[in-house]
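Two complexes follow with chain A in common, the first pairing it with chain B and the second with chain C.
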Partner chain A sequence: MTRRLPPIAGEWINREKRLDFTFEGRSVSGFEGDSISAALMANGEVVLGRSFKYHRPRSVMSAANHDVNVLVQTAERTNIRADVERVESGMALMPVNVFGSLKRDRASLLQKFKRFLPVGFYYKAFYRPKGMFPFWERRIRAIAGLGRVDTSWRSERPFATSHHTDVLVVGGGASGMSAALSAAEAGARVVLADENPQLGGSLHYQSFSDASRHRALKKLIAAVEAEPGITILTGAEACGYYGHHLVPLVTREGITKVQAKAVVVATGAFEQPAVFGNNDVPGVMLASGAQRLIARYAVQPCQRAVILTANEEGYHAALDMLSVGLELAAVVDLAASADRGGAAAEIKNKGIPVFDHSAIYETVTGKSGVAAIEICPLDEGGNLDRSKRTLISADGVLTSVGFAPAAALLYQAGVKFSYDPVLHQLVPGDQPKGLYAVGRVNGVYDLSDKQVDGKACGKLAAADALGQTVGQPKRPGRSQTAHSHEYPVFEHAKGWNFVDMDEDLTLKDLTRAAEEGFDNIELMKRFSTIGMGPSQGKHSNMNGIRILARKRNRSIDETGSTTARPMFHPVPVKALAGQRLRPMRRTVLHDFHASHGAQFMEAGHWLRPEFYGLEADRGTAISAEVAAVRSGAGLIDISTLGKIEIFGVDAAELMDRLYTMRMSNINEGMTRYALMVDKTGIVIDDGLAARLSENRFYVTTTSGTSDSSFAEMQKRILEWGLDVDILNLTGQLGAINIAGPLSRQVLGPLTDIDLSEEAFPFLAVRQGLVFGEPALLMRAAFVGELSYEIHMAPAALEKAVAAIMDTGESVSIRPFGVEAQRLLRLEKGHIIVGQDTDGLTNPFEAGMSWAVHAEKNYFVGKRTLECLKPKRARSLVGFTADIDEAALKMAECHLVIADGDIRGRITSVAQSRTIGKVIGLAYVDDGTVRADGSFHVRISDGRMVKVSRADLPFYDPDDSRQRLGVDTLDGVAVPGEAA
Partner chain B sequence: MKQIKLDRIGTRPLSEFSYGGEVVDEPEGDTLSDREWAGYLFNADGAPGVKLEWWRHVPTGIWYRLRRNTITDEFIIDQPKVEAKA
Partner chain C sequence: MTGIPTIASLDGFILFHIRGTAAREAVEAVLPDAPTAVLTVHDLVDGGFIACLGKKEYFLLTHSGQPLLQPERRDNLTVYARSDALFLLSGDGVEEWLKRTSSLDLRNRPPEEFLMSRLLKISCWLKKASGALGDGYLIGCDPTYSRYFTRALETSMQSCAAGK
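Moving on to the complex of A and B:
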């Protein structure tokens, strides 16, 4: 049986293009432009979905995004909204939440248990005993839930785009199009967005049989399309309003972030269902749903209909139905048809039975939905008098009993809503600057009024956006007749009168919630779950509020309305994720590393060589790199270090204030370890500070803190009002460290700097030429051997490295990676900030009291360190363990345990071939190390490993290798730069 | 998104800025108690109102001290600004 009607003027389908697909394995065909549910209905499919809780048969209700009666899935996609998603050729659609088939859903047996499943049942039934909840949860989840997720999903990352405009108009109906036109005429650039694939809004489907409205629509669309200042975005849902007029639009292609200077919200209203017995079965739909099906897709909603109405829209819908040849069994009016204007008179003239002051008690259902309708008059108390019932056979009920504003964006912008007792609708209060609610969302219903309202606000919005002042244009008042009924809710003895279709909530459920004491909709919502389903209350919240208000004998305003938070409709996670744009920095020597077989690792923003060689030989490669540095020479790329130049008359003052050590007394040509703490005394950075001249310093930071340390320095300079400039040279200079007892021999022939111990002692800094290009050299000792840091311009560094590798060939120089450096520095007991310190570590705990010069007048964090020093209760200690299977399993963050308590943790640990043991660093609470110097570490499998505290450094305790016998200033033991 | 209009760099989106906290003078003096110092460190003034704050425009590396009404989330940009050298 086909339900496709002859062509309707303005229909959205392209009858030239047939699309074939399957539904539950059955072949179905539709036209290009069809929604999935429209195509299914056109093919005579009746039951299109099963409800969430009781698995009741469901079908189209709003034919829009206001309910999820019809959710379908394919192998790849789940919870496809069939009312709004287009048909595609070859789709293999299946229903969701069905055990068996749509027609025979075994879980529909759950209906028989309804009286045992009252609202709040799950909260009350399964919370005790506590340990049983996971058991029940698994069982409940197996039955509940909607579609199946394809766990082998493919990552899709659509681009997010930005669009800047003067005025954004959300909603492409009569009000929105009028607003867009007047804003554009006033000179503003306008974006007009609508979630539907075509403009028109309710003007397209409501009273579609009225030719004058059809002409008005065509005229508006033509004008909007002809206006060059308007960008039309259809198929674009405004998913939320964010501060300062940012409205993201969700499209099939991804998110477009529209940044406007003013926003016109012309989102219209959601038609609301009536609550009566079996109001959820296939055949019962909103009048607007039926109108959408016909006007958009030329699909007949039913054959013989009863219309339940409480407004003039219901009679216009009746005329629409007659115009396409639908049989109209009756119109049931909750009040007096005489008050409904000309359309009601026309219906009566056509001889259609009209039941005044009546309502529907229930629909009687047959095999495929509605079969008959029981109509009862209302007594003076508004109750149904079943003794005077009339039973009429019909296969459809179209309800037109009221609207709720589509107000999500306005709520999100902070607009308060209050109940208008004339309209029986919530209406918006004052709107913030640059935001306008127009049309039905503002309670304006008449077509010409909507256009005037739109025009006025378009003009105001343009003026806001362009910074102009205009006089207050005249705006029409709100409608003076009710378009909504104040209580379209009727008792049903069996309790199958649904308020929320998503969550299968009935009047009785909400009544019970009210009786339990919930008096505010926000609270009742959470208890009953009304409005918490996928359609987020679009068809249920207003009735929920009305019911709660009546049951608690409070006003609508006292009962409150729920805040509609973003997102307005569910948004695919892929749209939110967007493209993953994560820049990765390569050092100037990247090609060099690659050509030497480097295995790269991500280190912050940087790609750095972890080691050189094949992954299979990782351990061997790292050992060989370590051995090269200890016995000959090695070379590591340290370009990732932050490199900052500081100059000006207050340079030394700045250095003293920034770092814990005194810097103003470094001799020119010398360097000093530079430790930085924040104002709370936490170690945040370390590096090497070189004094190039009286008023010029060069400092390094760790790789991860180059930006933050630079920004902090800038801020402090402003705060302290110092006369000093700083330059961030991190990306402008490359750097290497050439280390090993033979490094002098390798470097010597390539530089004009005198590398002799007397001319260039440990911790000195020198400037000169390396391989003919300017370079800055520093003698540091992070890895504990004679070594030279060389900082140069990138292109020059590349050439210099090639030359060093050439001259170093005789001593088998080799590049070493981050892993070898970590082991080398661990052997020397040097910490890495961020690995051996964390967000709570102060210098005293980290064993760096020597780096805190408390006699200085001031440095950042000094006051805090004074407080912290006597409170130190743990220390970073070195430890060793004999190499065995368990000791080799020790890893960073393994816990130090004593007497069953946590007493510390490992921060670095590795097997050292140089030392012949497993060596490591760990924070250990005072008093944990036993008299024999041992303590215990618990490894992942729960075993305890006994380790022995060891003095630092593990390697070369008197630092003879890095100093080569020459003493340095201050007599301070000074570690070198950090990785 | 919020747009911030500044003389030197024009109108820029908030995403280009990083927040540096309220401008609070570090308390000084030998008589300062640990409690007072801890208050400065850890008890930020969370009361809404017009605040003087640090904002850094990341692409240009310029710090600004800007007044912002934290109730309306609006910058008040009509006062002389202090700018860092990039």
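Moving on to the complex of A and C:
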């Protein structure tokens, strides 16, 4: 470990535990607590990654979760942020975005073609000829992609959890810890969250050589840890701010949604890089990055450094470097060192050369990074005077030229920022109630001021959370010393001065974008992609704004700033998805179905039997089920239907208003088809409405619309002020349909209800006992045979079904599934809402004019339907085709084609053994059907299939079978038997 | 979390849903002290409860041997026995698990509160258990979600206990 320093007070590593791993196949060792970058640097690795566009060598810049040029991957995970991810024993790491190896990346040749690859070149180069774009797109994507995803890898998906608290403090530095303590002391329950594995924030690494700061840090941490009202969550990134103080925290264990009553944002500030020639090569890093490497991991960032600074923090960093034995070649100050306080004087006293009013023109690169630095004085216009340049040999440049607030959460909460001309930093304006910005994000830099700011806001946040009134505590003012330089950007003749390291954007790129007219920061962002890389502009947006402002001769405020949307850092999709929870509903007869060999299918939230039998016998099984219903008796579980009870003196009025047909004139003991449209006249639901008494109805809905129809009813009742109550009994009752010419024969012995045609006619509803338990029976006809819907309490239904199967054994009763039901109803020409209708279908198109009672005064959608009726331009029609290989390939959504144009589509199609043809339903534009009744359908392989329009229903056109029941009709054939 | 909560089906009880303008009257006839505040609950000695869900809506959970009410349908009243899946969650860690899983703030909730929420992506009701049922929570949901909910509860609780 060539760069590992002796132990540093407060370091994060455990030197007792050595961890071995590999990087590009080379063996590397680190300590427990090391970040990957730190361990690699400790082992003498200098080039840790390659840049996105030009594949230039890159290394540590911030060591703070923003080093997006140092992404690595394992076989299972990609784009691991090496600057913060901790090493684990046995890791086999590879860099991403490398063609070859880190040392010899073939794609680095792209640097030679830089002049041909300016910003936005792909917008201008690859759009013609149009047909070539897919070719270029594939190649660009292959080159531009970061990392490779192992799509076969199965992640363990964590549960998303909730956490309720009074006050959430985001940021565990001096300000945040002070706020947490203050809030807890005021009686609030506090969550203190920090993205780092340990508390401390900048207090831990900035001026780490100052023992008094170290003592202050220990004292604060001890106080926070001893406070029972504070829950500390480290390694927890606040990834966004949502309304009502909801802040999701992302941890290795998943997302915790913290719902707080007040939030203190103490997220600090991002140190910003300076823009000069070759400011991206290994060895150039933020001063805070170097301080983190040393204070956290005891890793020496370089051996001989030059510090470029525009604030007092740079001199403190210089002292830190000296304290660990690092050789300091020079300090370059963009202004006057005399204004930087005691630290600057101390540096001078130590004999370190200080270049006032100077800057770096470029770094001279050696084999693997910085070899020398060219320092030039600045003239009065702020330009570099290269005629007076000084070349200093060094392998490191540490920059300390300014900060940008880590303000994403505040922006997302709607806080406006403005430019502070003293600080040369964006600072927050008024904050919504219960939200407080403290510390450096608020422009407060002095340690004692930060603590006072934190305490004051912690107290206020606690008062907000607990509903207390407190006086306005005194808050410190913002720093009156600039901690940022107004324009730390310097021209470079060769144009290798980078503004955005994520996207390899240079000063020239942004200048060109501004010159091309992208004069708004949002426009420039989208054209140049500045701030759109993985670090989301944390180190580039501020300089980008400064550059655009200067190029357009505007102020920073006039230029504007961008709002970082959630997520603040990239969040693993597995964390966003959370545990795979797929609520599936099972009917009470699920075990019955399983015991009869059902193949289940998902129908919305329900698991339903598709058919009964082996998958290999699918066609045969479905045909047998259809034949059973047509010739004897079948039983289908219809528990999935929505079941809603409506009662009260206004029940009939409500029914009339909800449904297109008049319901108030249904006789007690009878049912009626119930069609519901929305206010735009679109079909949204259908079912049966049964009148149980003068003021009580029982209605069914489709399986998928029970909840939405119930909600619609609730809303309408409130809106209309009707005296009526409704109950959603969908899950509370089970239901079956026993159908077939012999169904009466099967059911008769099991019920006390008189099933005779006279006592229980078609469309009647009766209540009585089935197998000794209360039941509601309806004579319905969805499948076109004599049939009885039986609705019962779940436990009672289970017993009744067993009895029905026993009784029906003599007529070979069998359960039938969804597929058989679909075919049976298709033969009868009945539609399924959602399959034979879509989000634009009105009843007239669906051939259901008969279900719209226009003479009613009012029903939902009536006015629209009156307008739509004369405008109908398509119809749902039945069609048949002779059975052949092509006709059997017709499927739902195949298009009706006439004269080369799309003129409709199939909604349902199947082979009917009963009819002896392929039958179907299709929407067809008016005028499409030829004089001979034919039209054409294009199947998947492009062939056209000629079909013939047919009258509906295909089966039993006079409805005699469903109305009377075959067992009462002499001489009526049973078509199913013929098949 | 200090332990894994246990999940038990609650057998031997019957849950009535009483709805309609005569609901209050029907409830008062058998339980004069029934709560009137919405989403509050009074415990019954047998471990059951009477909960007010709205001005004209109640849940009554009683031992099935002494149901207090009978199913009834009038123009202004429906009383029927619900088929809800009923669970008793008890043991160490129940509170912690609920806090982590529910979007409701369960800190310092009054014991007489009847909660309606979504847990593990389905709608359910919950209340603190009492009397013979001991500590813990009663949870009820649509019976068609029973199997899903049981498994999801078990998985979630184990995950929570493991600190995941």
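In the analysis below, the second predicted complex is superposed on the first by the 960 of 979 C-alpha atoms of A that agree within 3 Å, B and C clash if a C-alpha of one lies under 4 Å from a C-alpha of the other, contacts with A are read in each partner's own complex, and residues count from 1 in each chain.
One rule holds in what follows: a contact is a pair of C-beta atoms (placed from the backbone, for glycine too) under 8 Å apart; a residue touches a chain by one contact, two chains touch by 3 or more.
Just so it is clear, the structure is predicted and the values come from calculations on it, not from any experiment.
More chain A residues lie in contact with C than with the other chain of the pair chain B and chain C. Contacts of A:G381 after superposition on the shared chain: neither chain B nor chain C is touched. Look at A:E645: by the touch rule set out above, it reaches chain C but stays clear of chain B. In the overlay built on the shared chain, the residue A:R863 is in contact with chain B alone; chain C does not reach it.
In the superposed model, A:Q259 lies in contact with both chain B and chain C. Contacts of A:P129 after superposition on the shared chain: neither chain B nor chain C is touched.
Of the two partner chains, chain B is the only one touched by A:H244; chain C is not.
Of the two partner chains, chain C is the only one that A:R696 touches; chain B does not reach it. When the two structures are aligned on the shared chain, A:L581 is found in touch with chain C, with no touch to chain B.
Contacts of A:G942 after superposition: neither chain B nor chain C is touched. Residues 257, 259, 725 of chain A contact both chain B in one complex and chain C in the other.
Chain contact summary for the complex, chain A toward chain B: residues 242-244, 246, 257, 259, 679-680, 710-711, 714-715, 717-718, 725, 728, 863-864, 867. For chain A in complex with chain C, the touching residues are 156, 158-159, 161-164, 189, 253-254, 256-257, 259, 579, 581-588, 590, 606, 639, 645, 647-649, 692-696, 723, 725, 727, 729-733, 774, 793-795. Within the complex, the chain B residues that touch chain A are 1-3, 13, 18, 20, 26, 32, 34, 37-38, 41-42, 54, 56, 61, 63, 65, 73, 82, 84-85. Per the touch definition, chain C reaches chain A in the complex via residues 17, 19-21, 56, 71, 73, 75-76, 78, 80-84, 99-103, 105-107, 120-122, 142-149, 152, 155-156, 159-160, 163-164.
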